[in-house]
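Structures follow.
What follows is chain A paired twice: with chain B in the first complex and chain C in the second.
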Partner chain A sequence: MSADLATYNFAYLDEQTKRMIRRAILKAIAIPGYQVPFASREMPMPYGWGTGGVQVTAAIIGPDDVLKVIDQGADDTTNAVSIRAFFQKVANVAVTTHTKDATIIQTRHRIPEQKLTEGQVLVYQVPIPEPLRFLEPRETETRKMHALEEYGLMHVKLYEDIAHNGRISKTYAYPVKVDGRYVMDPSPTPKFDNPKMHMSDALQLFGAGREKRIYAVPPHTEVVSLDFEDHPFEIQTFEQDCALCGAHGVYLDEVVLDDQGGRMFVCSDTDHCEDRREHGHVGEMLAPNQEAAE
Partner chain B sequence: MSDNPLLKVSGVSKFYGSRIGCQDVSFDLWPGEVLAIVGESGSGKTTLLNCLSTRLMPSAGSVEYRMRDGNFRDLYHMSEAERRFLMRTDWGFVHQNPADGLRMTVSAGANVGERLMAVGDRHYGKIRETATDWLGRVEISADRIDDQPRAFSGGMRQRLQIARNLVTGPRLVFMDEPTGGLDVSVQARLLDLVRGLVNDLGLSAIVVTHDLAVARLLSHRMMVMKDGHVIEQGLTDRVLDDPREPYTQLLVSSILQV
Partner chain C sequence: MYVAVKGGEAAITNAHALLADRRRGDRALPALTIEQIAEQLGLAVDRVMAEASLYDRSLAALAVRQSRGDLIEAIFLLRAYRTTLPRFGSSVPVDTAAMKVERRVSATYKDLPGGQLLGPTFDYTHRLLDPSLLTDEVIADPARKEASGEEMMRVSDILAHEGLIEPDGDLPDDHAAGDLTREPLEFPMGRDLRLQALARGDEGFLLALGYSTQRGYGRNHPFVGEIRIGEVEVEVDMPELGFPVSLGRIQLTECQMINQFKGSSIAPPQFTRGYGLVFGQSERKAMSMSLVDRALRAEELGEDITAPAQDEEFVISHSDNVQATGFVEHLKLPHYVDFQAELAMVRKMRADIEATRHGDTEMKDAAE
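== the complex of A and B ==
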């Protein structure tokens, strides 16, 4: 390529920007759960499509990394496909859909079912990093509340839930306390995934592009979901098994099949589902097909 | 009553540039005592109240508060964390406009329970029980516990604000025109209620009001302010029945007689 032709730097961002983001990430890791402000850049995608996550990934990715991108657990939805293609183009890195092969997993709204291991990094795309935002609109005040550890308001929200619905009805973006200090919004992941954040072997990084915040949960860090003594935290449970792979105790998506009330429940984590099917697990909707084939 | 004052105020002044907010105010407040600060609009009552309650930094002077352990602490030399903790446990602040002191978008029960949760209560059932009890004490029926204050009348909102402040058993309550904006019959009920609660709980209170009737009903002692200065202070009945300063005489004689 000719030297005077404008070109992308490796992984899109220029090195000074990456340096700035890495400093924010290091600070975030040093203070688990604390929202570190950073100078978020314009990215070639709209806010709400993962500009924060993409910047974090761009700052930490190297030529030897293997990237996996998921959106609501799936590797094949628009957001996941386009971000994966973006990094293939601007960083020329290897990509995968297999959780166990990936070194960096950028995610929107799910944590993979397969347990993450040491050395892996999970990058979350975060829309609203401030867990207190809808209770206290003033940023000056929420910062003060974090600084002084005044988190009574978070329980006011949970109280309201119980008062109106008889139980804590918050099912996603369920607030957690990190390392016994900062209350953190785990991005809009279902609360089903909250326990996976606790003492995880992998590093978890959170990037909010529009709100210009980065925060982190280092490996082996305590992450506790907030609750009341008489209304303890509990995760969603599903009566059905996955219709394709028969998996039980995983997070399922409901898919409407027709206008006659037909529906199926399938794994939200597509890689997990495919992996199980390769290993011979069969759900109820695949079973009849096999009989027909025989 | 104890031998020591609860609050020692000496030489508190607040200037807005060259303009005087309040100047050189000194007094002691004793446990169980209700002090009224009266004066016309712009006389510095609210500025003084805000200085005393650490909502505003005074330009000069000191305010010392006797903590629960019996030691006096200078409020302006405390850390912000300690001050805010004090404000939501040992103190109350009743705003003139209930919307300033309430969270209008959460239920009445949560409004009362917020302070409990802020000091670490984590049992829903107990919080709710306490909230129900307090709503009863301020004459709000228990079936309104899950309604938002937006659905409440002005008088109910004010009573709710009082319950929210008193739930942690504070020792000192600041009130800024607690009956302002309420009609007279509601005012009378509210005053009755506040007087009962102050007596029952042995609260100390500093009440800012321009309504001398409120001062007469609630307070033991009163201070009259004009142009940022305290021009007269003494027992409420003495000041109202036998005002010495010309301005106080004017104020007392301005009360409308029906």
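== the complex of A and C ==
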């Protein structure tokens, strides 16, 4: 029996499937922010673990590509390691952790700190592609709302947030309007990353495997976070700098050090942090003989 | 810490080695063979084939072994394999009237052409743990009857002769059956796609939904017209030959549920149908499927949609256990970037409240 088991095509998917996905991607690029239904395949990793992103990457990757995979900004989280290993196995492509060296970056929950450049593709893993889903659970309804550009409900929701909490309390998966037309879910990236999507030089592709949708933001496209004149959109700010590389104005992870309330803050983007340290930047945790100096 | 910096790769390898160890268990015991699983855990294999939509007993048995008996995991393994196979055509519809029947029961007629055949069923067994199964006792050969050759007409055909049951759904001749594993899913669906989704839907989920219709959430007054289990021929049309060629036989369970219908402006009072068809032997699944199929026809039959089982988008979007388990279990993946954002927000909101309260006290102090 084992001898009968088929081997796999380059990048796992068969060529017809890749063509089908590429057609969906082209349509998505032609209509920025519009969710294109596609015949998502069953992948050898679970739904909700990046099957959409993996299918998009599998459809666009070629033997000369250099792939970077991040999860929560880091190259070494277990799921990123697993997806990177998958493509090494089924496509034998070069992989990297350096943002600037990658041609394709597959990500979950973050956009790299380093500005992306022309020719790079950022592939997002998307759990729930529909920004209106939590306002209206029915797909048949939400598709109609998009078609009619009927986004009043979303503004009401944001307004209610302000009425209840004094501010828009959405901190991640913060809705954006793409190219002045479609309201889009940027995937659960913190809203800190939203401005990076605006007029990006890179192509941004979004794959939702379980929900069978692909959408895109082509390079140099307007991406505006929804807000109100008297409550303008704001990103998160951190009082601390990165404890390892001293970076300021980047997204930080909070690491619990002990049960006495000890905390340190470090870059969520591990490559950015390492790169800075290589260039001699030092945060307070790594500063030599700090106490001795005092 | 499961996100040990730079430790991810080694941790995964070690975890998988441990999994292989636990899967094998005590090395002093002989390892299960695929043949043993296929023969002696046949209903587990059937469920895996049905919900993976792939009829292959040995691959399904391999999946059961590889998954340590976790059937949803086994279904997932088999589906991930299925997805890589090319699709080269559709069979002609299988003819369940010509089934080589091993079991056939009708709850609507005491006797009928072809008779009632109990077959290998748990029904009427007393559920007492059987100590004789602790050892490998010799099992006597079962009694078997020669096939009578009598045609076993379907109960729905008996009713159809009198015009008492709605005709089987008609599709145009040029209708190509959809394939939800190859095309994007869109609502509302045709009944062909809906039945496909139900056939691979989670047995437990469909059981619960079917049960809910019996308890009043979308009641549809069902009778088991017939359940039959047996083997049917799978044939493919060969354009070069001009006649269908047999690919082999598969075992199926078919359930035809007969439901009351009071009639509408376009149709006279008549019985309606709910249909269930599943790979292998799985009566529970086939019966649940036919209850849910009938419930989902509410809109087509002009009935009020009041219950979850009648709501196509709700049922079909949540019936797939591989999708469901993936998304539920993805919650164990790291979410600390988003959690950090929420943490900061909650701290800020608490600080705001604290400040307001403090401000209030100061004002009060000043007033005093």
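Everything below uses one rule, namely that the second predicted complex is superposed on the first by the 282 of 294 C-alpha atoms of A that agree within 3 Å, B and C clash if a C-alpha of one lies under 4 Å from a C-alpha of the other, contacts with A are read in each partner's own complex, and residues count from 1 in each chain.
In the analysis below, contacts are C-beta pairs under 8 Å (C-beta built on N, C-alpha and C of every residue); 3 or more make two chains touch, one makes a residue touch a chain.
Model, not experiment: these values are computed from the prediction.
Novice: Give one of first, second, both or neither to describe whether A:Asp258 is in contact with chain B, with chain C, with both, or with none.
Specialist: It touches nothing on chain B or chain C.
Novice: Does the superposition put A:Phe192 against chain B (first), chain C (second), both, or neither?
Specialist: After superposition on chain A, A:Phe192 lies in contact with chain C alone.
Novice: Once the structures are superposed on A, label A:Leu148 by its partner contacts, choosing first (chain B), second (chain C), both or neither.
Specialist: first
Novice: May I ask you to decide whether A:Asp64 touches chain B, chain C, both, or neither, giving the answer as first, second, both or neither?
Specialist: The answer is neither, since A:Asp64 touches no partner chain.
Novice: On the superposed three-chain arrangement, identify whether chain B or chain C touches more chain A residues.
Specialist: When the residues of chain A touched by each partner are counted, C comes out ahead.
Novice: Give one of first, second, both or neither to describe whether A:Lys212 is in contact with chain B, with chain C, with both, or with none.
Specialist: second
Novice: Answer with first, second, both or neither: which of chain B and chain C does A:Glu160 touch in the superposed model?
Specialist: So A:Glu160 only meets chain B here.
Novice: After superposition on the shared chain, which partner residues are touched by A:Glu278: those of chain B (first), chain C (second), both, or neither?
Specialist: Neither partner.
Novice: What does chain B use to touch chain A in their complex?
Specialist: 80-81, 84, 88, 103, 106-107, 109-110, 113-115, 117-119, 122-125, 127-128, 145-146
Novice: Would you mind writing out the residues of chain A in touch with chain B in their complex?
Specialist: 135, 144, 148, 150, 152-153, 155-157, 159-160, 162-164, 227-231
Novice: Report the residues of chain A in contact with chain C in the complex, numbered from low to high.
Specialist: Checking each residue of chain A against chain C gives 1, 5-6, 8-9, 12, 14, 16, 37-44, 46-49, 51, 71-74, 76-82, 85, 108-110, 127, 138-140, 165-166, 169, 171-173, 188-192, 210, 212, 236, 251-254, 268, 270.
Novice: In the complex formed with chain A, which residues of chain C make contact?
Specialist: Counting only chain C, the residues touching chain A are 2-3, 5-9, 11-12, 34, 58-59, 62, 76, 79-86, 181-188, 313, 317, 322-323, 325-330, 333-338, 340-345, 349, 352.
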